[in-house]
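Listed next: structures, encoded as structure tokens.
Two complexes, one shared chain (chain A), two partners (chain B, chain C).
Let's look at the complex of A and B:
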């Protein structure tokens, strides 16, 4: 015995195993992930009651609004940008880097390709055009992460602040581009010139679902593979778990911070391309779906696992699509869906706290540096 | 209770009949370990009571209970004969129990007076004049001279410790607990501490000295309690200690600490109390493997940095770096390993300039670094043992092929290392953070010593390890040296350096104060160099 711990989750002792959990690891993880969602639905229900709406009817309307008739296609299409953003966030969050400038990166990439698309349209095969637009969107969003990335990598400036700040600049720059150089001369509404609705991203035969969904599915698999099987993923995990160890084992920390930021931006750019080329064909000024902060809690609930995030993304897509219908029916603001997401975050915090005390499965921040430290007994 | 080797009926004699603090049947279990098992302990005024034991013997837990940080599962605590519950550190302080921790709790950027007033908050207004008077009073009691307006960071470690003691006594404590107080001190600092404790005894204080060093217990203690695996395994009363020399007492205490093991493993005892150098002059190649020429490293917050170090290590040589913690050792080690830049000067390895090479490139050349912070830097607690063993080979064959991880290879490597280094772990998949410090250190060594090392920088390689692991670590360093693998051993434990090294360099204030060939009288001369260096600061 040469170590002693103050943390219940860490067992001291040479060669002793950790306490056997009461439930299987999978069950514990599932509880941790589902409890906050259920609590948020219950608490949201109480808010609905207070607003004079029957919560059961409301949630039933969310379901039917998100699934019935052709709504399920919208729900699945909504999953595309959300999944791509989630993938982008996994690359940074796993490394303990908090890129919260998602909306700025998304909108700036969106504005640039919305301006570029009408120039390319008709001058080349559609497939090539979409390929170029996806690449350009990825590059633009990626470039937009460089400032916070460099500041963090070389000067240790907190990237939460800088990415949020550059996000504001990105959002406004997108508006300047839309109202300025990319303004559709034929329209008196501030928006870009649209490419014909019939020539948006191709759809999966027999449905209205555009192929951006396939791009997102491939991205999820690729992200899962990169994080779990490649040396790149392990380096990110080490950086996130113990930055000093990362330096010690020879990981070029500054370069890795910049690369992970840029990979994150790349996926966020793809999300923008998928949404704009799959659904809209143009961008209107001041349009901001604000997907970014909605996705953040999902990535935590899924423990930074790109496959596990998909059911959560599906639930969020259902909530946002069906929520529009349900809030309309109930006569309340559709901001209510945001309230539900906020409640999920709140209850995640509560579950995390209780979970730490009761040993309820793994932390949302598993692998990321923890406050609980093993104290070595040196006397 | 374990069968005591010496009598334990202490309550009927001693200078006072009622102990200031008395513990009866204290038991505390943590998951997987019984840290304290029915411990009885009586602390009396005017005595220095030494708690002696190896790492993990339960000393720290016992003191955490006394200082109110940990609640015992069973047992009573009596203060001046009254049953008391020490529910919080605040309560313990109110009951007159002051604690000096091993690591500093002072705020380096504040003055001495600010630090002391901070410990006595409770009133909204700070009573500066009153605090100055109190400082003079307590300093007088200790017999030390303290400048209230000095910035804490500018004080030598020994002086900082004095401030810690003053802080512990600030509220009129009757019991002073010191956790391994000598670990950071120079020999002169230890003498000063002993004098201060002597004065406190004169004031009727009960002093508890936690240590794992036998000679401190015999020289400073009026009463010794020996702990082992959470139990009291022996006690020495004042009349047993008085008038007996260290040499007479040593075998008695060793018998308590190791029991019947004494016969079986006499080398353990030797290791514990090493004073005789074992390494004589050896024939070594003349050319240097590693050379440092006027190396400077810029300090980062609170550090000293390295200020012009010249060193050379020959193949197969073990060069020790002695010195009080925080004199530039880590900066030097990190500069050699490539974890930080050299601001001027050169580092040559195998006659090549390596100042510009990355950590990874140096590792590939056979230059290895065993960090002193095995949990915070050397390993990633959340990752399994198997991955921690290949952390410095990420992306390399055979552990990765075509960009994809090969779990079978990693596991095979792990099983091999677990066997070779006798790492006690449930398996390669166990998160390393759940292992003991000694086993974590074995993992670190297994990793650093793999793939043909040529020179290994060991930063405090046995710090905080139990005696058996300490021995295996030292044996490995020696065995490798015999095969021609050089070692740069940085340690604050002089006995360790004398036991291991061919030469010992003394680092002080970021410079090499001198280099001593190991041999007769080496410890003495190294000690003198350390003190000389310290004098610059004090």
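Let's look at the complex of A and C:
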């Protein structure tokens, strides 16, 4: 890097002026990703102390609640939807676009396939049924991103707001579908007709872990490949880095925005299919795991790398599975997880500030800062 | 269907629109001012939640609703200081910090409420109303003798809100402060060249936004619900952000938009009075569907300041 270049750099970029890190770039980047997590755990521990809970015991309970006995299988299964959502977010965030309608896309796709599954079940081989359900879920969630995508691409309307709005609509529409056309006639509770537990997604032999985990792993590899080895990924990166430059090199910006939104929806739909066909077999009205905003910080910490996001996803899965047990033991609200993830985001910001003048690895927010509004380019 | 136009139903519609609209009014008024100054507060939902909790807490322990409103506004302003420090001062990404504030506020309020009130779940009594002499006796818009009031029979905080709207509109249009705020959003370099601190202008606009959102949250818990519960704001912070954007920087449009949205949020209860049974899921969708349709029809005309969500760096191109 800078040690080899003999000519002094004119532009004082952080990478050029700072000395070569002693630990090497990988270690520096890893430190920069772990520091916010550690700070959040410490701050969360202080909150626990203030509530009269021993933080060491609490975090030990998170670990044992997420790993001991068969809990590790639940943790690994929880990783499947989280990884798929993270992959979906990478495609938009890398392009500097915010798809925050994750929960609506997830629940709507989930409700549609939960209503469709009992119709298909028994009429065809299970493998074909699962294939159709995964495709339908992906398409539904993908279609649900079109309105915010087009408003952003052609009118320049802020997609954060519109994707949140369509998310609320999607959540309520899912409830209407579950209570209306998809309601299980035999049940008093508003829920869809369940397909039998024995006929959910097949499991990996010797475990309870369903094959949705394998789908998620393949998706992570595919996302990594698409972002780092294809021209599509490069176009997204250019759009994210500088929308004006993207227009000047002839990238069809409006079309690319719509495509990246729809790919993002596709993966979020797959996440819903994996969770419902792997774990539940039906959907109950008002069910909302609200994974959306929890996954957002992980994608930044991993710097939009689909392979690097997996350890962070594992940590979040452990926290959500083990956190239920630990908060119950401590007698506190299980929304503690939300607080912890929010703190990770805040400390990410603080670490970014501290690292601005030191070379602590690549920035989290590269590519997500929009210097130019796309509206000017498209109209 | 003839039941729909009785005085009872119309009065209930107006009362419900005000009850659900006032939290939106305060929050989106604050957001509108902050947006004009170039700060996008995605954490508005978080400010409202914190305001709702601390407003409730102060009103419950202090035994005075007015103290509760002040407490909510102060708490909202205090949370917005995170935004001021990290985004306005240090130039960090406003959207990331905004999401963080919302998540932390959701987790923190649920945690503290659970720790303090999980067993008791206390409620507050009805907030006292002022009847405007004469006008409050009118049918439909008067409401002196109904349980929820109407336009001329409301708690003082509602009238204070209307005064704040008028003052904000006047300040933005007619005063140097207003000019500074608009310049901070449209062309911060010009404001800087004129010798006014962009950071200070944006900081005050953000603190105003935090205080207003906190006040809106406090109204929600103290007056509208009379209690606090987890996630009591239910996405109203995000609706308020949309309202602020659709209002194109005009305080009067914030007022109209909040009332219209308030009606669509409360219409299911009103229709029940009229004997119409309709799915609550469908009704909750209505305001959001309305926004999307409005955006599709008028999206090109939604106004945002040029420097919105961009940190100001002196001399940067």
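Annotations for the structure displayed:
Here is the rule we go by: the second predicted complex is superposed on the first by the 341 of 379 C-alpha atoms of A that agree within 3 Å, B and C clash if a C-alpha of one lies under 4 Å from a C-alpha of the other, contacts with A are read in each partner's own complex, and residues count from 1 in each chain.
Note that in this section a contact is a pair of C-beta atoms (placed from the backbone, for glycine too) under 8 Å apart; a residue touches a chain by one contact, two chains touch by 3 or more.
Since the model is a prediction, treat every value here as computed from it, not as a measurement.
When the shared chain is aligned, chain C comes close enough to touch A:335, but chain B does not. In the superposition on chain A, A:161 makes contact with chain C only, while chain B stays out of contact range. In the overlay built on the shared chain, the residue A:353 is in contact with chain C alone; chain B does not reach it. Contact with chain C, but none with chain B, is seen for A:51 once the two complexes are overlaid on the shared chain. Contact with neither chain B nor chain C is seen for A:120 once the two complexes are overlaid on the shared chain. After overlaying the two complexes on the shared chain, residue contacts for A:173 are found with chain C alone; chain B is out of touch. Shared contact residues of chain A, touching chain B in one structure and chain C in the other: 370.
Interface residues of chain B, counted against chain A in their complex, comprise 30-33, 35, 51, 53, 55-57, 59-61, 63, 102, 179-180, 183, 210-212, 229, 337-339, 358-360, 363, 369, 371, 373, 375-383, 387, 391-392, 394-395, 400, 403-405, 424-426, 430-431, 433-439, 463-466, 469. Contacts from chain A toward chain B in the complex involve residues 1-5, 8, 10-19, 229-232, 234-235, 237-238, 241-242, 244-245, 247-252, 366-367, 370, 374, 376-379.
Residue ranges on chain C touching chain A, taken from their complex, read 42, 82, 86, 90, 92-93, 95-97, 99-108, 110-111, 113-115, 118, 230, 235, 238, 241-242, 245, 279, 281-282, 284-285, 288-289, 291-292, 295-296, 299-300, 302, 304, 309-310.
Taken together, the chain A residues at the contact with chain C in this complex read 47, 51, 98, 100, 147, 151, 155, 157-158, 160-162, 164-166, 168-169, 172-173, 175-176, 179, 293-294, 296-297, 300, 332-333, 335-343, 345-346, 348-350, 352-353, 365, 368-371.
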